[in-house]
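Consider the two complexes below, in which chain A is the common component and chain B and chain C are the respective partners.
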Partner chain A sequence: MSTSIEPKITPEAIRANVTDFVCRQTKSDVAADVDLFGSGLVSSLFALQLVVHVETAFGVSVTGPELKLDNFRTIDAIAELVLRLRGGRR
Partner chain B sequence: MSERTTAPLAILGAGVMGTGIATLAVGHGVSVVLVDLDEETLSKAAAGISRQVRLGRLMDSFPAGVADGELEVTTDTSRIAGAGAVIESVTERLDAKAAALGAATAAVAPGTLVVSNTSAIPIDELAQYAAHPRDLVGIHFMNPPYLIRTVELVRGPRSGDAAIEAAERLLAVLGQTPVPVGDGPGFVINRVLQRAINEAARIVQEGVATPEAVDAAFTGCLGHRTGPLSTADLIGLDNVVDSLLVLAERTGDEGYRPCELLLAKVKAGDLGRKTGRGFFEHEGTR
Partner chain C sequence: MTAVADRCAEAVALVTEVIGERADEWDRAGRLPAAVPVALAEHGLLCPDVPAEFGGRGLTSAELGELTAHAGSLCSSVRSLMTSQGMVAWAVRRLGDAGQQAAWLPRLASGARAAIAFSEPGAGSDLAAMTTTIAAGGDQVEISGTKVWVTAAEYADHILAFGRCGAGGAAVLVPADAPGVTITRIDDPLGCRAAGHATVRLDAVRLPAAAHLLGGAGMPMEWLVTSVLTHGRLSVGWGCVGILRACVAAAVRHAGARQQFGRPLADHQLVARHLAELHLAEQAATRMCEYASACRDDGSPEQVAAAVAAKHFAATRAAAGAAAAVQVLASAAALDGHVVARAYRDAKLMEIIEGSSEISQLLLAQDAQERWK
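Our next item is the complex of A and B:
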């Protein structure tokens, strides 16, 4: 179900992967800048699915202060988070 | 914030609700001893709790700056001996609850708060299995308890004032607001909700509407946050069936008798969110 992403990764690839996941889960088209939670598109329980998906698909670990809803509010925000987390590792 | 429980909270039953309540406690800095008969269930629960604590933090459900409470998982009921309070959250069947309450109340000191998280069994019926019926109250936690901050606090005819006060103090520590209700099958919520779920399932069974349409009517027309069938999937259809049977047997009202579609889904192992499929598909939510 979740596609694993190669080490070299672009913001576009992240957005495409997350968009695909969100659209499949919500069965609707979701733009990259839509507030997923404010729009009522997804429930709060979906938030953790998103976290787990992002961790699995991009090989990152979301912990501490990064573990906040604002980082998952839009597909754009998720892409930024993934790039930030991946930037910090060897 | 200054009020911290030093004695651990004992939770019996590591199913959906037991792990959810454990998550609520751990996130509020309360140590937990979680007891279940099954090792595999316990190891799944430990992983589930650490996942759910993350969700709680993500959703800002826990007080900032409070370190997680410690979690001990065990099959040994004697480990609850020093607990400050006990919450029974085992399968919604009288025999299971009777056994858990009997073992638990024998293991803790008299005067220790004992809580049943039963969905529908009257507290006074359970009280006969408790060593000290005055120590027993009902708290009906919602699912997931770390995201929904209101509970039914059920006073049985034999619940003592001290137990009710202890329950109120525990709920305050856990950031939960009690709604006081009296005793009876299903209390307030499940007397209404389980019946609604059964009717909704019957509507699907009769081909009157699809699950999507049933839920859309409740969310769209009535403004409910979740429709009855999504709620059923979240609760777990096995628990829905168990609760309906409890209600049917105790009220004599056949409208509570679980419909064929619900029974078939449980038989097929499609229990809702926890197995990935119920009335709806839940990809990746297990």
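Our next item is the complex of A and C:
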């Protein structure tokens, strides 16, 4: 909630953060281009845990039309989503 | 901090005032007087966690929890209305776009009364079996299907109904008076008898999509529902804390006052054990719900599993605790309408809704395997 200028977040930093979360949750190594939901890696509560993590970690809200599977299918897709949602304040 | 405490205390006082001593009478009548849901809605008590920027009371999850437990200790039917409308408001915040949030949240926070519809005759726990269809075409959306056990539908002016939409799921905010909507009251539910359960038939109901269609961007049904149910599970969990508070208070009073074999019931060890277990259940369920609410207020992903755990724990303990309280009060509570008799019937339903105990256990087993493998 700080109004100070946040450091610019790089795609690499986003991918590293999300990869760490996904690997911790699934206890497996997950590459940035793996289909998280087609791989049988994740439980039925995981999708929402992932959404909440992304929102809290990067200070964004994922609502309405942005809340769709394609935005969360891979770690790469999540990084793109976060960069887009933070677009105004990079 | 004082403003925060006042904000919560004011909501608690208003709920006390609206319910008064009338919950027994409403239970026996099987309905709330029309003015009751209206008053609750107008005071913004049905979804008091709507942020202040949308005209809501802006309660945190922890504050909402205490308010919900208070309502649950007085009347589970009223608490059920709060759970239903709370889920609708949360669905608008999560699934709605900016325009829909700006349009609906102020209404939900200041007078509108909403119900939420998931279950169908052939789709309870198995959401993949849902057959309600939502078709968007041009600027219109059309929804058809039958929803059962829709809590609060009898009092609602809007029903948020979920259905299949393209490859995923969506929800439509349907005005109760729209052409094609039929709401049929369920007369004799086992518990929460005044909560206005109804069957809702939607027969090719057409509405402007921009205002009424939530989601529909290809989100899997399970994602949509898990998000909304997380809110509902916390609400039910806190409501069960309220049931336990009502039961432990009634059991302690009765066991202290009634004499058998020359001494108070509480001095008989087998009765005392019931009091101890009830007290423990209330304490433990409160801690579980406090933890889940803290996770939610902190934006922690842990909230998802914590809400399942809190709901399952609180509901099963409330059902067991209410049965124990009936045992302690015996014939004094063996009358419909009595706070403990209501708790006994209401708590049983809490083991069924917002994820049955068995579905909760499956989710918790998955969580355990992720955590401990």
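Keep this in mind: the second predicted complex is superposed on the first by the 80 of 90 C-alpha atoms of A that agree within 3 Å, B and C clash if a C-alpha of one lies under 4 Å from a C-alpha of the other, contacts with A are read in each partner's own complex, and residues count from 1 in each chain.
Keep this in mind: a residue touches a chain if its C-beta (ideal position, glycine included) is under 8 Å from a C-beta of that chain, and two chains touch if they have at least 3 such contacts.
Note that the structure is predicted; figures quoted are calculated from it, not measured.
Participant: Given the superposition on chain A, are chain B and chain C in a clash or a fit?
Facilitator: With chain A as the common anchor, chain B and chain C collide in the superposed model.
Participant: Chain A residues in contact: does chain B have more, or chain C?
Facilitator: It is C that touches the greater number of chain A residues.
Participant: Just checking: does A:70 make contact with chain B only, chain C only, both, or neither of them? Give me first, second, both or neither.
Facilitator: After superposing on A, A:70 lies in contact with chain C but is clear of chain B.
Participant: Could you look at A:55 and tell me whether it touches chain B, chain C, both or neither (first, second, both, neither)?
Facilitator: second
Participant: Look at A:19 in the shared chain and tell me whether it touches chain B only, chain C only, both, or neither; answer first, second, both or neither.
Facilitator: The answer is neither, since A:19 touches no partner chain.
Participant: If we overlay the two complexes on their shared chain A, which of chain B and chain C does A:47 touch? Say first, second, both or neither.
Facilitator: Both chain B and chain C are touched by A:47.
Participant: Of the listed segments of chain C (7-15, 25-33, 97-105 or 277-285), which one clashes with chain B in the superposed model?
Facilitator: Here chain C runs into chain B along 25-33, and the other listed stretches stay clear.
Participant: Can you pull the chain A residues that chain B and chain C both touch?
Facilitator: In chain A, positions 25, 43-45, 47-49, 51-53, 67-69 sit in both the chain B and chain C interfaces.
Participant: Looking at the complex, which residues from chain B come into contact with chain A?
Facilitator: Interface residues on chain B, with respect to chain A: 51-52, 54-55, 57-60, 144, 147, 226, 234, 283-285.
Participant: Touching residues of chain A toward chain B in the complex: what are they?
Facilitator: Within the complex, chain A touches chain B at residues 1-2, 24-25, 43-45, 47-49, 51-53, 67-69, 72.
Participant: For the complex, give me every residue of chain A touching chain C.
Facilitator: 21, 25-27, 37, 43-45, 47-53, 55-56, 63-70
Participant: Which residues of chain C touch chain A once you look at their complex with the stated criterion?
Facilitator: By the definition above, chain C touches chain A via 93-98, 100-101, 168, 215, 217-220, 222-223, 226-227, 230, 298-305, 308, 363, 366-367, 370, 373.
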